[in-house]
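In the two complexes below, chain A is the common chain; its partner is chain B in one and chain C in the other.
Showing the complex of A and B:
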């Protein structure tokens, strides 16, 4: 055999081996790229899976929105229902002549009305789905899931795009509530940490992503108010733009852009658990209603903000503790070092003494002082 | 052979040595360690590192019995007769188990994350063929191929571990336990020692290092171990911190699951972490190539053949055998159970044989057998004269 022929054969063999990776390549138009996936309870204990999928026209437009006057829809919604997630998925897949693909998933929305069994099935199935993108943002909603997915906001036309653009900027929202499928799966296996997810609600002009939804095990245990969410955000180190309203001789004083760096520690004393939360708070004040020297008013403001935050945070954390809800990692850290100490921890956590301290440093801004 | 030299440099030897083990453990680590040792996982890793250090010391001693002869060549003189054949067969079996495990592990990684609709045997066939292709031109060509890819792969892997730092949210899990529990720690160390199985190839590679380079190569072997321990420690910290320990033990490939979190917004390849999986796949491929080479070089002296035709024929035969055995593995759980069962056996072999070998060699030195010289001229694979024989 000549040298040239040998080289040709070698090249052909190498090309065959290298190109084999394309063996089960599927063209994009054979795939239905799921942008948003929702789960909601259905009648007779069944689960509904709601898929939001871009149309070919939608895929061609980067914004996915379509402007005024554009008639062709950019997405369509597919619903599959079944007693389990697998059956619901099969039911949806049967209605579609394309391969449902989760590699481009942006948002996962879970109804807060799902039963513990349904939630467990969902979490377990998601954990096993190899091609699923685990970084997709995850939210909970007490509202109707298809309604959430079909709502348009002012800035972005689709819920998944609204959510993803909102979460990309960690310092933009009042509280950074970014959670991913990954966090959901982690919490499933953590012995003492309770899952929390941001809640999403459709409102008249778009969405509100504010309250934190707290789970115990696989069930929703408590939905916080927006104010409680901000308070918990301080302790989790996620509040960017908190606000505190104060009164100075009947006049309203507002402190803005409050953020906190938390330091958490636990201490045992005579079999009693003491949980320390130390907040280093910074914030801005733009105007003060009455003339007063700078130094005393800032001192008064620091003290007042410190008082409000410590009192309100303690009240919230104590109530969470009494409910046995631990959105932090206190319990996991304890059980990791004491593998048989889960029961001890759970009992101690419910009766823990919360010690909240804060160091507040405010800056005075504005040009009307 | 067309190579300008059949020798390898100490750096090439070090890269070869680390590729000889890193391709098998990189995917599954540290699941078994955390599962068995719990919060003593760090101590388990240290125990594994210490055991690997002892293993290296013993194997270097074995290699130095005759620095220009490979293991089976020396064994023929140390244990003549049935002992030699029994040793050769066990050695072959060890080298046969390892590529099967690596092949099935990586195949199921690909099937799970990238190609769920592809039948595993097609991936196994392609991997086997490519591994055989890489090993086709014997060791110097094999090690040069590895050298080109190894350094960038390790650099990218370290870069990815750094990118994973912002995802470390479970910092409590990184701290080692203050209360060492010996039994779980040792159990975890035992089930994780496969991450260092590969050093047993030292006596096979050793004659390919020039005599004057061998002292440097000896130091490099320990450096390879030290750097590998640091690399594995990085993976342990990154996976414990980004996954919590209870979630980690439920993940088949914790390292890959953690790397999937890396996402760089705005970059064309935004899921950058998954790119490393492909690179680690190349390490697996090299691992299989090295095993094909080791298998062949363990058998060639037994059949007293050393031509390149025999090398290629036997290597292809082994490649097909490995492929056929891999077909028997129906899923990754079975591959895991094979690892769990074979590691104690491999461990026993790689610790017991050097001791027995060194003992017999010392005894033979005092009582030499005339017709079986301890050092002598053995021809290389291509029939040219030494150094660098098999």
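Showing the complex of A and C:
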């Protein structure tokens, strides 16, 4: 090896070490792991950042909660307030002797009461935050954010993990409402895309994650009911365990575990937008109130479920369309092909004709003879 | 006409004799006895020198003068008591002067007493003796030792006598009879404790070269097993045997190895590694290019693969070469168990290597640099276990690793029985105490234990050393650059290994270069009937190692169901 090459290698190694940023590495015991982060409006147009950090008791036995008893708090909440996100963060950091670390963030909760300016500031800051885990689950809440973050779940004592452990299992919840920070970013930079987030509410035994919160731009446009959320879930292909209640000669028949595979398509006809939603629905029926031959029973059930779903979904989608809310990213695809056609699209979408069709296949389980 | 040097030497000798006599008269005074002894030794040396100068060949050959021979032999080892030089006469009537020389302890006394001295002294003798007649009678009729040679050269005589042979000098005969009476004190054939195996042969080599050759001959009873004799060590004259299978081992490889052995120039060679470290091209290379093994079956197996074994006298370990990385992860037991078992343990060794090398650096990378890559629950567990620990993860790792190395070295130095106790002390007492003292956390104890197990699972001791060194490099990479640093060091290691050759064989063979045909006996071990071809690595002359063998036809000792019974 020549002398010049040796010098070059030494220089490369030195540069690698100096430029690696290893001097800034902070080990685990110098970091405060922020597991949940909330944003809420504060008085005088300010923003509150609420950080949820595990306590030593929570760290000692994270899967079992406090360890020394239910009374031991597993997390503590730190609040920082400021006119901007950066100032709010600095305010919180000043109260702590450890480095606030967002690389393990599990949950981001945004208040539905945030103004458009505040929401824009938050989305923009989060997009630029280097150490932030962009896969953290994002939710919106109409409730008080500190209250949501201080609520404890019976099933998951370390509260911030409630959302993440729930979302890990795709097929467990009724509707899979998993949304992550990068979805927030995506919507920020796609003008035709309307953001939707799952809503979270504190209840007596923990949380309820059910309604979908729809945004237009940076502002909340509509909060769906749980039933509407399930219906929208069919069209988005996210409903896992839908139910439909039917009546057979006045007696109640329940169809469970409904899920749908949607096929969405759009066509223009005489300057009118036609949006087709074709659902392939499967589900189970466990009991039928009176003895009846299998074949006619299933045929009636298929038809009945099909009717209910098509009618209810059409009503919901037309209502969303009239509001110009597009959670399906149809507008995104249109604007991608026609970069200057946003206004055209919005007008067409508001007046679109929704055609909903469904093919239902139910399975009969249990003893129905 | 005497040369000027001869005249000067004669004058010095005369002066010494006079001085000797003068001092001998004053011996009673007691102060000069040490000086007298030294003078006697000097006198003998000068006498030998004079004799050699007088000889026409410079004293390099025996000339039939027994006095000169006695003086030469005694001067050779000064006053060492182990060299026995005895005068006697041959033939009960001839009374022909003779001299016998051997090293006490290296030669078989029975062969000297009964088969040589007694036979020579009691020989019936009637004719008038001549030097030639006595020599012939001794060589062909009297001495009954099986292996007998003759020589006149002093260097050969000296070497042979010091190796355990017996030299018989007959007055007036320039030829000396050398008898193979070698009988080293040696250990019994030991059990292979260094490379233990649950099944299969258990025999290991001992320190005696001849015994080791015999052991190998028992394993390979073929004339193609050759032993090329060499001698290394300018002073120690240590015999070295290069063993190989003729017609299987690559000739170019053999020539290269022979040349490298011949080039070992060192005064004293005491062990195999003294020779082995001369052989590789890269003296400072981190990875071993040869393997030391004391298992007879393993050496025989490797010879069968076209490799070469170097047997250095007085060291039970044979040097096996050339070696590839995967060769260091094979053991004899792999072939003594089912191929499923053999393959499983080899893969476990690979996993153990990865654990040993990466676990602790990964711990450092994930707890100090790339915290975001750690599963949250695991990170919380680690964070919880680190409550109260004052050190950064990297310091914890260094502490634990030093403890592992200390325990390892202490266990090596202690007797086996105490080593077990030390292991218990290390694992239980130190492990528990260090956690209770909040010096390291629980998770680190798990990591350290798995690392130690991983690094020391390597079947070949010499291969664990490079990984133990590289561990520190990996740790530094992890601390400085996190996962990226680990990847960077890994790329460096792979690149280095890819550039390495052991006696012309790529170190990563058969994976780099990519030779799938030799994979059957690498990290996996295919059924033995399927190992029909030798590995390409050592470039054997003949690749085919076994004939094609289809599985036997199925046969039924019991009649199939439904058929009539006979």
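Rule of thumb we're sticking to: the second predicted complex is superposed on the first by the 338 of 369 C-alpha atoms of A that agree within 3 Å, B and C clash if a C-alpha of one lies under 4 Å from a C-alpha of the other, contacts with A are read in each partner's own complex, and residues count from 1 in each chain.
Note that in this section a residue touches a chain if its C-beta (ideal position, glycine included) is under 8 Å from a C-beta of that chain, and two chains touch if they have at least 3 such contacts.
Remember, predicted model here, so these are calculated numbers, not experimental data.
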> Which partner does A:13 contact after superposing on A: first (chain B), second (chain C), both, neither?
Replying inline: first
>> I'd like to know which partner A:182 touches here: chain B for first, chain C for second, both or neither.
In response: first
> So, A:332: does it touch chain B (first), chain C (second), both, or neither?
Replying inline: first
> Between chain B (first) and chain C (second), which, if any, makes contact with A:286: first, second, both or neither?
Replying inline: neither
>> Looking at A:190 after the superposition, I want to know if it touches chain B, chain C, both of them or none. Which is it: first, second, both, neither?
In response: first
> Touching A:274, do we find chain B (first), chain C (second), both, or neither?
Replying inline: neither
>> On the A-aligned overlay, A:29 touches which partner chain: chain B = first, chain C = second, or both, or neither?
In response: second
> First (chain B), second (chain C), both or neither: which does A:131 touch?
Replying inline: both
>> Considering only the contact definition stated at the top, list the common interface residues of chain A for chain B and chain C.
In response: 17, 20, 131, 133
> What part of chain A is in contact with chain C in the complex they form?
Replying inline: 16-17, 20, 22, 25-29, 31, 33, 35, 54, 56, 58-63, 101, 103-104, 106, 131, 133, 158, 161, 164
> Once bound in the complex, which stretches of chain C touch chain A?
Replying inline: 367-369, 371-372, 374, 376-377, 379-384, 386-387, 389, 392-394, 479-482, 485
> For chain A, which residues count as touching chain B in their complex?
Replying inline: 13-14, 17, 20, 23-24, 127, 130-131, 133-135, 168, 182, 185-186, 188-191, 193, 329, 332-333, 336-337, 339
> For the complex, which residues does chain B have touching chain A?
Replying inline: 38-39, 112-118, 122, 126, 129-130, 133, 169-170, 172-173, 177-179, 243-247, 250, 257, 260-261, 263, 265, 271
